[in-house]
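Labels run A, B, C and D following the written order; every chain starts at residue 1.
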C-alpha cells in the first residue's frame, strides 16, 4: 500500500506559462451606502495563472470578484477581461464563470442537467450536450452520479458539480468564491489538491477568493493580500510570506514575532537596532537612518533553539508548549517580553516548561517593517 | 510593540489535576433507523480535564455528546455524570451545559437576557442575577455588548455569549459541539487560545467535539479518536500523534507515509522489514514474527533530507514542493513509490524540483501498524 | 442582483391602498352622511339620520355580541391551529398534511354549511341517531345558538389560521428549544419561553386572519345562527339588500370598521407587549 | 427533540378529513338521491329527480360559464400576484408592504362590494364623472357583466394569492439567479428557468387558493354580476334558500365538486409536468 500523496503542482517559483493579461483591474472603487468596500484597487492577472485574493472577511475580496463576474458595477475605475472593457456588460455576456461559495446548484435539476444548463441555453444539439457534459463529469469524477439531485450529494461532490458547470462554457477565467470554506478540514486539504490538479490540466486562469492563508500560499502562483478595500501586496507565496511589507500582512500571513525598535547605528548593510529584547543586528537592503523607529518581524520557525549555547543572542525560559503533532509551538519568556518559536515535532519533544534555552537566528532572518 | 502571543496552557504531558471521573460512558450503542451510529462506546473522562472527541463527520461524535447532554437516549449501555446514572434524566435536570455548533442564542433576547435565562428560570433575585450575569460577561469580555441582540454580534462574539450562558449554571462539565467550525481560520486560532485560557481559569471539565485534528491536538489533555461509531484510541495528543495504533488514526491525524511490508528477520528489538522501498530496520517493543505482513508508518517530518550523504537509507528525486509559508511539503519519488517529507521553511528553500536527495531517519521513527 | 430601491414600489402600493382601502372607506363614510334614496342608493342631500338611527340599543347589543362572538372564535381557532400547525411542521409528511388541511375547502362553503345543518338540525342526523338510541328524550338545540355560530366560524377559518403558524414554525430553529432545555427549562416551558416569542409574526397573522373576517362575518350567523345570533355583518346586509337603507348600512360599516381597528390595535399592543424576558 | 413518528398524527388527521370533507360530501351525495321535502329538507324516499333535473341546458351553460369565469379570474389574479409578491419579497420594507396588502380586508367584504357598486354603477361616481367631463354620451355598463365579476373576484382573492407566493419567493435563494446569469441566461430567462421551478409550491398554493373559491363563488356574481353572470354557486344557493329544492342543490354541488376536482387534477398534472430541464 502506498500513501495517498499530493500530485505535482507548478510550484511557486515557476512563472506563469503564458504571457498575456487575463484580467486587468484599474483603480476600482465601490461603496455600499456609506461603507467604502473598495478603494482604488488595481491588479493584473496573467493568463493561465492561479491567482488568489486573500484577506479577512469584509476586506472587499468578494466584492472585487463580483465586479469581475458582473454582479456588481464599480463606482469608478475600469475592468478588462482579455481584450474587452467589461463595464456595463451583463454577467451572461462575460467570458468568465463563477463557482459560488454555497455552490448555487439548481435544486430542481439533476447533476447532469445542472452541468448541461449553459449548453441548453445555447441550444446545442442533444448529442453534443450529452458528450460535453459527460466529458466534464468525468473531469470531476462524477459520471456515476449524473442523475442525482444536488440534495443527495455531499459537500465535496456539490463543489465538483459547481466546478464542472462553471467550466463547461470554457471560460477565459474561472472565479472561485471561497469554494472550500463550507467543507471539513481534511476534505478541504484533499479538494485543494484536486483543484490544483484541475488547474494544471485545463490551463485556464483561476481566480480564488479566500480568507485562509494556508490555502492561498499552497495553491497559488500569485497572491494579492487585501485589507479594508485595498490591495496591500501582490506577489508569489514566498514573497508574501518572507517579505510582507506591512504590519497587516505580516500578522495575517502565518505567525510572526513583532518587536518595536529604534535604529542605533548602521554597519554597512547591517542595521543595529535597539529593542526591549536587547540589540538586534539586521541585514537590510536599504537600512533606515539611525534614530528611526520601526518594527522588526521574525518568523517563529527562523528562531534556532539550543541548550547551553553561549553564543546565542538571547536567553529565554520556556513558558508554554503547544503541541500540534507535526510541530510544537514554543512560547519563550525573555527579559524584554514573549517570543514564539516553532520546532519540528522531533525537536520539540526535548523541551519542557521552565527550561532555559538559547535563541539565535541569521542576520537576514528578521526584516524591517516601517513604523510601529 | 509586542506580538500577541498565546498564553500558557497545561500542556499535553501534565496529568489531569484532579483524580475523579466526571463522565463515564459504558458500552453505549445507538441506531437511527437502520444506521448504527454508536457501537459499544466506553470512555472515562476525568474531572477538570479538557477532553476531545475527534473524528470525521458521521463518526458518531456529535451523537455521543447529545447523549451526554440528554437530547438522545442510547439504545443500550450506561452513562454516568459525576456520581449519578443519567439515563432517562431530561436535559434540564443534568448537571452539564452545552455550547451548540450554531450557538443557539435566543434571537428575541439581548446578550444580557440570554445569559440571564438560566438564572431567571431558577427565579433568583434580580440583584443576584445582575451580578452573576455581569461577572460572566466580564469573563468573556462582553460587558460592553450586554444590550445587543445576537444578530448584531460577530461570529466570535456569539460564541462567547454561548459560552457565558452555558457556564452560568456552574455545570459539572461543559459540552462543546464544534464551537469553532463556523469561524474564519485566523479567528479560530485566536478563540482556541481563549478557550484554553478559560478552561485553565475555571477548571471544570470541557468536552469538545471536533473534526479538526489540529484543534484537538493543540488544546486537549486527552483525545478520543472516533470512526464509524467506535472509539479507536484514547490518549494524550503526543500518544495519538506518535503512536496511532491503526490505519484510520494514522491517516486521519496529520500526514503519514504508509508502506506495506513483510517481516524478513528479527535482530533483537529491531525488525528487518522487506518493503517496495527496500529493507527497513524498525525498532519495536513486540516485533511480529518473520513472515508477517504489516504496514509501516513514518511521519513526513521525521524524514531527514540531505544532499550527497552516502549513509542515507534511500535516494529520491524531488518531484514536487508545496510551500505553505512556515514549512514546505516535499514530494519524493523513490524507486518503490512516492514519499512525503516536511521541511521547515528555512531548510525547504534549498530544494528544487528534480534534485536528488538522501533520506534517513532513526530506527524508532517508523512504527508498525498491524495488517495491510 | 441588488435589492431594488423602495420608491419604485411605494407608487403602485399607494395606488393599491388608495383604490382598495381609502377610497371605499371614504365612499362609505361619505354615504353615511347622505339621505337615503327610495329604492336603495342615496340622494345628493346631506343628512345625519343614519347616525341618529345608529343609537339604537338593538344595534349596540348586536355590536357587543359581534365582538364577543368574534373574540371567542379567534381564541377557539387559535387554540386548535397552534397544535395542528406545530404537528404538521414537525412531521415528516408536511406536504401531505398541509394538503389535507386545505382539501375540505374544495367543496362549496354554502354546501358544507348545509351539510352541517343537515347533521345538526333539530330533525338532523345527529338528533335522529341520539333519539334512536334513546340517549335523549327530545331533540337537542344544536343550531341557531351563539355557540354553533362560533363553532362553524372556527371550522371556516381554521385553515387560514393554520397556514401562517405553520410557515413560521417550520422556519423556527428547534435547536433553540434544545438550548432552553439544556439551560434548565422543561419541554413545555422551553416552548413557551422560546418558541412563542420567535413565531410572533405567525401568531399575529393567524389571529388577524381570524379576527378580521370573524368581525365582518354575515353568512355563518345568517345560516346557522338565526335571528338571535345576528352580527353587525347581517345588519349591514339587511340594510343594503332588504331595507335598502344605504346610509344606515354605511354608518353601521363605519362602526364595524372602527370596532375592527380597535380590535387590531388592542391586539397589536398586547402582542408587542413586554420586551423583556417573559419569565415570571 | 426527535421528530415524532407519523402514526400519532394520522389519527387526528383522518378524523379531520372524515368529519370535514368525506362526511359532508357523503351527506351531499346522499341527499341528491332523495326526494325533496315540501319546505326544504328531504323525505326518506329515494328519487333520481335531482339528477334528471340536472340535464337542463341552462344549468350546463352556467357550469361552463362558471369554469370560464373561474379560470379567467385565476389567470388574472396570478398575473397580478406574482410581480407583487416578487416586489414585496425583494423589498427592504417587506413587513410594511405585506401589511398594506392585507389592510383593505379590514372593511367588511359586503361593504367593499357596495362601495364598488356605488363607483361603477350606471348612476355611479365614475359614470357621473365621465358624463360631466363629456367624455361619454351615456352611462357605460360596467356592472352586471362577466368582466366585472372576474375583476371583483380578482380583487377579493388577490391577498390570498399573494401570500403563498411571497412566502416561497422570500425563501428562494437568489444566488441561483446569479448562477443562471453567470452561466449565460439573461435576467428574464434566469427568472423563468430558475425562479419559477423553485417556487412551484407557492405557485400551486396561490393558484388553488384562487381557483377553488372562484369556482364556488356566489356572493360576487350575485351582487355584481346579476342574472346574466350567475355561477353554479348561485344556482345552489337559490335551490337551497329560495326554491328549497335540497336534492337539486345537492346534485349541483356534486357537479361543482367534480368540476373543482377536475380543475385541480388538470392543474396539478400541468404543474408537475415535464421533469426535464424546461429550456426549449
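A few remarks follow.
Everything that follows uses one rule, which is that a contact is a pair of C-beta atoms (placed from the backbone, for glycine too) under 8 Å apart; a residue touches a chain by one contact, two chains touch by 3 or more.
Just so it is clear, the model here is predicted, and its values are computed rather than measured.
Touching chain A and chain C together: B, D. Our note on geometry: chain A versus chain B, Cα centroid distance of 25 Å, whole angstroms.
As a whole-number value, the distance joining the C-alpha centres of chain A and chain D reads 57 Å.
Rounded to whole angstrom units, the spacing between the C-alpha centres of chain B and chain D is 60. Per-chain Cα centroids separate chain C from chain D by 19 Å. Annotation for chain A: residues 71 touch two or more other chains. Multi-chain contact residues of chain C, defined as those touching 2 or more other chains: 1, 178. Taken as a graph of touching chains, this assembly is arranged as a ring, one closed cycle with exactly two partners per chain. Shown are all chain pairs that touch, namely A-B, A-D, B-C, C-D. Within the complex formed with chain A, the residues of chain B that make contact are 1-3, 5-9, 11-12, 56-57, 184-186, 211-214, 217-218, 237-238, 241-242, 251-260, 276, 295, 299-302, 319-327, 329, 331, 337-340, 342, 344-346, 349, 353, 365, 372. Remark: chain A residues 69-71, 90-92, 97-98, 100, 102, 104-109, 113, 116-118, 120-123, 165-166, 169 touch chain D in the complex. Interface residues of chain C, counted against chain B in their complex, comprise 173, 175-176, 178-187, 189-190, 193-194, 197-198, 276-277, 279.
Chain C makes touch with chain D in their complex at residues 1, 3-4, 6, 9, 12-13, 16-17, 20-21, 23-25, 27-28, 31, 41, 87, 90-93, 95, 97, 100-112, 114-116, 118-119, 123, 125, 155, 163-164, 167, 174, 177-178, 201, 208, 212-213, 216, 218-219, 232-233, 236-237, 240, 246, 249-250, 253, 256-257, 260-261, 264.
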